[in-house]
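Since the structure comes first, as structure tokens, the remarks are kept for the end.
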Amino acid sequence: MPTGRVATVAPVPEEGATGKVAEIYADIRRTKGIETVPNIWRVLATNPDHLELVWGRLKAIMHPEAAGRVGKLAPITREIIALAVSATNGCAYCVNSHTTALRKLGMDVETLGEVLAVVALFNSTNAIADGYQIEPDVLPPV
Amino acid sequence: MPTGRVATVAPVPEEGATGKVAEIYADIRRTKGIETVPNIWRVLATNPDHLELVWGRLKAIMHPEAAGRVGKLAPITREIIALAVSATNGCAYCVNSHTTALRKLGMDVETLGEVLAVVALFNSTNAIADGYQIEPDVLPPV
Amino acid sequence: MPTGRVATVAPVPEEGATGKVAEIYADIRRTKGIETVPNIWRVLATNPDHLELVWGRLKAIMHPEAAGRVGKLAPITREIIALAVSATNGCAYCVNSHTTALRKLGMDVETLGEVLAVVALFNSTNAIADGYQIEPDVLPPV
Amino acid sequence: MPTGRVATVAPVPEEGATGKVAEIYADIRRTKGIETVPNIWRVLATNPDHLELVWGRLKAIMHPEAAGRVGKLAPITREIIALAVSATNGCAYCVNSHTTALRKLGMDVETLGEVLAVVALFNSTNAIADGYQIEPDVLPPV
Amino acid sequence: MPTGRVATVAPVPEEGATGKVAEIYADIRRTKGIETVPNIWRVLATNPDHLELVWGRLKAIMHPEAAGRVGKLAPITREIIALAVSATNGCAYCVNSHTTALRKLGMDVETLGEVLAVVALFNSTNAIADGYQIEPDVLPPV
Amino acid sequence: MPTGRVATVAPVPEEGATGKVAEIYADIRRTKGIETVPNIWRVLATNPDHLELVWGRLKAIMHPEAAGRVGKLAPITREIIALAVSATNGCAYCVNSHTTALRKLGMDVETLGEVLAVVALFNSTNAIADGYQIEPDVLPPV
């Protein structure tokens, strides 16, 4: 019986992974402190170069301390942005993943509701501004 | 000569506004501490009921202290969400408006770059997750 | 076995709801003439303030008669807009919900097809207009 | 000085158009009762086959009477859907074009505001439903 | 038990189809060289006029040889565009359908990964360009 | 007088750029064979780390030969994907930029029209598939 989601490629299992893929899997587990590599990375591993590019970028932006860099945003703020983007795009996998991350960082359900209240509010005003083609306010120079 | 943006209705000017519209204009200036009512509210004023609904909701969510409520998110976090949503939707008016708000709250250009780095990263991973129809990870119960 | 949709928070059940949540649940059932509160409201109830804001706005716009106001659009036109927006955004829950509402209002399957024909047509021309960055026609003043 | 909109191809002028393009231009003017062919058609004319396909489809859906067919939706309802889709997608050219069409059909500014109120409301609830990945309500069979 | 996807109308079965619907079903099987009519066409058949319009357009664009026309793009390029659009919109049915088409045309999983790498890259830069409202480069005349 | 596009930060000029930014500017000019650094890179330079991440990724995916790698897709196919994504998202800057790239690669206006015909077609069928919540076809295992 088909369900709503049918993955189009088979993920590369953790056991049996070799070379660059195995190294990145290990780095994902170590950097994120998790025991299982999430599906997105195991699917990306079907093209190891792309896996490397996406993980490298995500690691640099979301785990700057692993690169000896200090991020300008708090980790929870970065995950809030991730959820805001994912809810706006309606990306099911991503909403689940980033909500889990926020819960692990200690966000309670009521605060999650406030995040989504802000997300919903501005999806609404975006439609108003675009629906009227409102002209930009005259901005002071920055 | 036409430009890229042609507003479809004429905004209601501040001078000469009466009744409910004048009251809301005054509340916007007072609550936001600004001297000029932004274009979005002056366009919404062409339908005073809609102006009231949108302003009431935005005030409740973005200015909870004006309603004697304590928000669970910092004001700068709320504006960051607003920018993340607006950049994802490509809403020109809204990007300009929320970037101005963030600059007023003291965000420097380099931190703005980090916000947009996170926004861009997850618009990218959203396309990957949707493009492969990746199945959700098995989540621990919350 | 994971399916395509994994709700990220548990809905607040109708039985056992108290205070503001119970009142809003009762208002939803009464205003909409239904016996069971739909999932979206029961999920929003995890943040009662947000539930109140969203329901208040939806009630004012979609059920103006409940507020003693006369809407300028017919109820079926409002639901058609809701479906057009939801199909454009690809929001699964919302498409299901608003299609049900249209069927209850008496829309047959062939007319539903015409609604979606118009929705599909303009998603197509939107891509053309944006894909060529077509300049606006010179509009007569309104 | 660059502006926000730079069309990527030059439209095909009405004067001097020949063959299939000239015929379609004439059909557009006649069917829509306008004197000037809007920019979107003059840009599509750079690929006459595509012009024919898009115009043929739009004519069949938006001007069924020209094909001896009776549409199931009122003309104003079809234009309302067009605006709802265009506002949701943020398509500037299309918002301007369909707002003009609605004004010509007699819609006043306040009713336009109600249309956009409904559009904005459901862009908001779409973000909520997707942001929580709300599970579908159990629907009665149709 | 509800799943993530609940189709809102019942597809028209192949057996028992008559008239225009039966003819189009036969044309779909013949033109695409498949034995079963995909769900999208069987759902569109609930409004036979819309089925005819959408199939006619898709046939003209995606199967030009069936109309005695030579397309300017290779078939695999057209399917790559289809997947790029579908991944960007997050359309589950369409991603599955066009990935299947690409696999049938001989694309291996690693090349599929490169397609999605390009799709993901530009969803990312789109968010950057919109998030900063970057002004267009001065283009040379074409 | 405000126009439709108001960039939110000032680009970093080429003259006077130093350190990492100057090096990346030089690499962009060399890799792309252009004399002027496009606006997107000069805006990204306000956060040099982000400039480095985005350029590194774009160079790896769009200019694999510069990294001694052989891409699996032709350069023109990659730019076609870029335009398809940008048109679907309605990103003005990106549509202009990628159309210019396609013209430089020799694409004529009629072929550009065929690319956008395919883009428009699938934005349309995406809305249909999502608007009916069409269930996935049963796919053969890959």
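Each chain gets a letter, A, B, C, D, E and F, in the order it is written, and its residues are counted from 1.
Here, contacts are C-beta pairs under 8 Å (C-beta built on N, C-alpha and C of every residue); 3 or more make two chains touch, one makes a residue touch a chain.
Note that the structure is a prediction, hence the values are computed from the model and not measured.
K.L.:
Find the chain most remote from chain C, comparing centres computed as mean CA coordinates.
P.N.:
F
K.L.:
Report back the single chain whose CA centre is most distant from the CA centre of chain B.
P.N.:
Farthest by centroid: E.
K.L.:
Would you mind pulling out the distance in Å between where the CA atoms of chain D average out and where those of chain E do?
P.N.:
Inter-chain centre distance comes to 21 Å.
K.L.:
Report the inter-centroid distance (CA atoms only) between chain B and chain E in whole Å.
P.N.:
34
K.L.:
Determine the centre-to-centre distance between chain A and chain C, using the mean Cα coordinates as centres, and give it in whole Å.
P.N.:
Chain centres of chain A and chain C, defined by C-alpha means, are spaced 27 Å apart.
K.L.:
Any chance you could list the residues of chain A touching two or more other chains?
P.N.:
In chain A, the residues touching two or more other chains are 3-6, 8-9, 44, 49, 53-54, 57, 61, 85-86, 88-92, 95-96, 100, 110, 114, 116-117, 119-121, 123-128, 130, 132-133, 135-137, 139, 142.
K.L.:
Enumerate the contact residues on chain F facing chain D in the complex.
P.N.:
Per the touch definition, chain F meets chain D at residues 3-5, 90, 92, 95-96, 99-100, 109-110, 112-114, 116-117, 120, 127.
K.L.:
Hey, which residues of chain A end up touching chain D in the complex?
P.N.:
Contact set of chain A toward chain D: 83, 86-92, 95-96, 116, 119-121, 123-128, 130-133.
K.L.:
Per the contact definition, I'd like the list of chain C residues that touch chain B in the complex.
P.N.:
Interface residues on the chain C side: 2, 4, 6, 8-10, 49, 53, 57, 60-61, 69, 135-139, 142.
K.L.:
For the complex, give me every residue of chain D touching chain C.
P.N.:
Residues 5-9, 36, 38-40, 43-44, 54, 57-58, 61-62, 71-73, 77-78, 80-82, 84-86, 88-89, 91-94, 96-98, 100, 103, 109-111, 114-115, 117-119, 121-126, 128-130, 132-137, 139-140, 142.
K.L.:
Okay, in this complex, where on chain D does chain F touch?
P.N.:
3-6, 8-9, 44, 46-47, 49-50, 53-54, 85, 89-92
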